[in-house]
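Listed next: structures, encoded as structure tokens.
The same chain A turns up in both complexes below, where it pairs with chain B and then with chain C.
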Partner chain A sequence: MFQQLFTSLYQALLGTPAPSSLIPVYQKSIFPGVGLSTFFAVALGMALVYYVVLNRLMTTALFKTSHWLLFVLLTALASAVLAYSQAHSVVTESLNSSGVALEGIEQSAYNRYVLGFLCVNALFGALFFVFWSFVVKSFSTSARTTPVRWPN
Partner chain B sequence: MAKLFLFGIGGTGSRVIRSLTMLLAAGVEIKNCDTVVPIIIDPDARNGDMNRTVELLKTYARLRKSLEPAPAVGDFFHTDIKTLSAIAQSGSGDVKDAFVYDFGNINESFRDYLHYDRMPVESRHLVDLLFTPENLASPLTVGFKGSPNVGSVVLNGLMGSAEIQAFANNFNEQDGDRVFFISSIFGGTGAAGFPLLLKNLRYPDLSGGQRLPNEKALREAPMGGLSVLPYFKVNPSAESAIDSRFFITKTKAALSYYETNLRGLNSLYYLADPVTKSYDNQEGGANQTNGAHFIELVGALAVFDFMAHSKAELQGQELFFEYGLEKDDRPVRFGSLDADKSMQLLGRALTRFQLFATFLTHGLPGTMDAVFAKTLQLPADWKHDDFYRALRELLDNPAYGFTPWLKELATNDRAFAPFQLGSADYNDLVHGQRVETGFFDKGIVTNSLRKSLDDSATKVTHTTRPGQFVELFSKVMRETVDSKIKGF
Partner chain C sequence: MISASILRKYALLLPLSGLAVACGSGGEPVKIAGGKPAAGAPAAADKISQINVLVDASGGMQGFMHANAPGESGSNFQQTVAALLSDVNGQHGAPAAYYFVKEATGADPRILVPTSYGALTGAVSTGIQKPALGTELPLMLAEALKLHAKRPGTVSLIVSDFIYSPKNSGETWRVKTDVKDALATADAAQLAVSVFANTSAYRGNFYPGNRTKPQALRGDKLPYYIWVVGAPALVGQVDGTLLKRLASQPQAHFNTKFAPPYAALDHFQNQGEWYKAEPIAGVPALSFTKSVSRKEPAEVVFGLDLKAVPAEWQKAAAQGLRLDAAATDATLLRTWPVAQEPAAAGKPYLQQYTHLAKIKLGQVPGAGALLHLTLPRPQPAWVAQTSTANDSNIAKQGPKTFLLADVMQGVADYFAGQPSAQQALDLPIRVQRAD
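On to the complex of A and B.
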């Protein structure tokens, strides 16, 4: 289910993975792996850090919308880094195991796709963080109304 | 609904009521009473001290109107303050909605007031015997200029007034209503007005004047009084009729009169302090604005003490009280007060209110988008809502606000200076009671207060937004002071 979901999401914005030899690697491993990690580990993790750790367990002054926006950016950045490192390591491992190397046009297609992938994942990371914000913020003390009071 | 009818007579009466209002704002509980009804009696309609007290009372009453149902006992603004006409159920048609007795602009001399020129010659001789030519020529627009013999004549006219009739009409002994008089003994208005009012309210049938409704209830009602002895002097001035060298003589004369003629009081409080402070010599008018004094604050405590006594305790023999400081300090700090009574009564409450005022000044602007502020809709309401405007006036108005009042107390002599004023450091709020801090504990900081406010914001139960604001801040300030500021 997750494999289908994330593959559809990424491909809707990025198109079919390139070079075509890497399509199975992306669809079976990279998209679901990165998608799930971004959704749960990065976005949920950052939301928990922001709402529960910083604005409940600790006494900080990071309750403002500007601070929340900063966390959106950090989540996007972390998601981009995650996308790049995951894609790079999975593709490298796949190529090594098959004994094939990317050259010329294939290499530049790969580079362009990975760049697009990390950008799209940054966007997804930010969106997932916004989603988790509305789920988690009721557990917060000082950021219960950040970024908006609704639905509390 | 037990009421306390509080007669503030003359300048000292107004100033003590000012201090009392600050303590009520801070949430000091006045026992056996839901509503205070101040009635200021001062013929000097432009008197600076009186007018700023009246402005303070009006602001408090306006603010308090937004807080129905009443805040809980111990919360800020718990006790209501109302005008005579606001509490009146009957017989108040001619009473203005004001805290001041309406003398109707007396703008004539005492001589004209008496119709001296139309008197028979024998009466004129008697008047000449009792009053000096200066007394007779004195315009009544600025009061009695320290002359009780003038005051006793003019104030006798009070009894037929709509205000006194309305007071008597609305006095309900069954509800637990009481009467308290505040006056000085060394001036004109207070020294004359206090015994006169007491006699006429307690025994209207014997005074030969106007009869009152509810005479029986008034005869049996608990009545107390505060008589303030000299606690300041005025600079010598050839143009002024007031000379503080005579304060002691006048006090002795008044005391000797009280000794034999002051009857019908259940409790009498005497208050004095060695005189060290000289004020500008103002006979009255707008320029008479003496800075708040510690004695006036202690005077306000007399009202709390009187109200704390049960009716049974007050109905034995007449009780007399004086006040003693635990330590004869200058300036007076909280540690100078007796730990069991005065400190308990006002130490924590004033500290809570000062912490509240400090936070609103220094902390609130940076926390307008915090949870508590959004929950209370402060970003929208703080600047324009009537309640918050009245609150800001009550706290900061340069003429009558809480913060200027504390500054006046701290710079007078004897000074009452328990707080480090003007500082945004909450940990250093109370002199000699610094909050302990450590590596992991920063004590009281804006963030910790904000977090406590955020935490409690959803637990408030009051139905109106101003009520929620008062409930929330009272709770958080109480918890913070109790847990962080040691020494109370």
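On to the complex of A and C.
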């Protein structure tokens, strides 16, 4: 179910993985792995850093909406890096175990799909960060109303 | 107002709780489909529990086991059988037992006389002490099979000239029936026979199968045979291990099951969107996405490692593989040896196979389908050439065996109802729709 959730999320925007021989690797390993870590490790982590660490435990002047937007961008960037490195390492490991190297058309299909994947994951990372922002902002002291007053 | 704001707040949390639930149930193991060939790992039932070696101790075998002057290399029979016995003795996979085969007499009604490795090699290298008058081929087979019934998982190696001359020479026409009947105690589906032929110098009196007077030979070449009898998969194992030395000899296989590794190559000349799914009960499975259609068919190249199957089958496979398409429109486009594939150089994932077979498929039924890549059973041509109906003057005829064709026909008749009578190899492939 969890595997299917992230597979359908990513495939809704990206289509089935290419080259098609990598479909099981993406569906069983990369999509759920990257989706999970983006949602919890990256997005929730960044939200906690912004709201709890920077704006509660420490007293910084980073409570403005522009700072929050910067964190949205940072999260997107981290999500993209995570997506690329995860896809790259899992695919490489899978290919190495069967002694295969991607060539020609397969290599370009792989490059194209990984590019799409990191863009989509940047978008997801940003959306997840926004989502977590509304969940954790009430734990903050100085940024309770960033980016908007609602719902506090 | 307050209650509405709380509701909205919790509405935001809803997707999170959904994810958490999904996360909790996501216990599916992460497996990555590798490119390893689907090697049929031998299950517990495929294990050899006992190896019996039966050596024909009749006077007609004495000529193969002649004494040698110092420096002589020994006959082919002596070298081959001594090496085989040594291999059997040296393997630690299954206990081995050794038997002389003789005729039943009033004093000693036994047909199989248990002996030891030492006594058997001794007899092979210097001759049998008290050769039997003759051995009946059907009795020999029936007695060997009795030992199989006592201990499932037994494989018998029977060494003999396999000359069967019925006591009444007017009954030679029913040799094949006698042989068939001798095997009938076993279930044909659970039995296999592999026959390896060889020739060796013969010194001494040769007793013709049609019961004419003996002929003295001085080193003329005569045929002898090693039969491997046992469960289909076990005979295949023994053929590929203990009898590896005989791989280039003329041979015939009845119901012997070889399980050559084979797998789809998902990075070689593949067309269309498909991928290797988890094998189902050891059968490799391929999943095809919706984009595969009659207009845009998929192409799949299979790698087959036929190194362990008989050489004749390997040769036949380059031209003779067939595809049973089941309920699909699959066709076999091409079969070719890896050695003839220019792109194979420096690609270990191709080099581990001996043959390639390309399949085209444009339609997969909703329930999936089971394709079969098969090799029709080649008829061994050497049998007819080695058989004779009259071996009275064997020195002139050359290496021939009395009514060998009939004996082999009897074995073939026994297995006629098995799928293996038509197909030497049967490699199933599961095709299904990707969900």
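In this section, the second predicted complex is superposed on the first by the 152 of 152 C-alpha atoms of A that agree within 3 Å, B and C clash if a C-alpha of one lies under 4 Å from a C-alpha of the other, contacts with A are read in each partner's own complex, and residues count from 1 in each chain.
What we mean here is this: a residue touches a chain if its C-beta (ideal position, glycine included) is under 8 Å from a C-beta of that chain, and two chains touch if they have at least 3 such contacts.
Not measured: the values here are computed from a predicted model.
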| item | value |
| --- | --- |
| Room on chain A for both chain B and chain C (clash or fit) | fit |
| Which of chain B and chain C A:V136 touches, first, second, both or neither | neither |
| Residue contacts with chain A in the superposition, chain B compared against chain C | C |
| Vertex chain A, arms to chain B and chain C (CA centres, degrees, nearest 10) | 160 |
| Which of chain B and chain C A:R144 touches, first, second, both or neither | first |
| First (chain B), second (chain C), both or neither touched by A:A126 | neither |
| Which of chain B and chain C A:L54 touches, first, second, both or neither | neither |
| Touched partner set for A:V114, first chain B, second chain C, both or neither | neither |
| After fitting on chain A: smallest Cα gap, chain B-chain C, Å | 16 |
| Intersection of the chain A residues that touch chain B with those that touch chain C | none |
| Chain B residues touching chain A - in the complex, by the definition given at the top | 369-371, 374-375, 446-448, 450-451, 454-455 |
| Sites on chain A touched by chain B in the complex | 59-61, 63-65, 141-146, 149 |
| Residue ranges of chain C touching chain A (in the complex, touch as defined) | 5, 8-9, 12-13, 15-16, 19, 22-23, 25-26, 28, 30-36, 266-267, 270, 272-277, 287, 289, 347-349, 434 |
| Complex contact set, residues of chain A against chain C | 1-3, 5, 16, 19-25, 28-29, 32-33, 36, 39, 90, 93-95, 97-100, 102-103, 106, 131, 134-135, 151 |
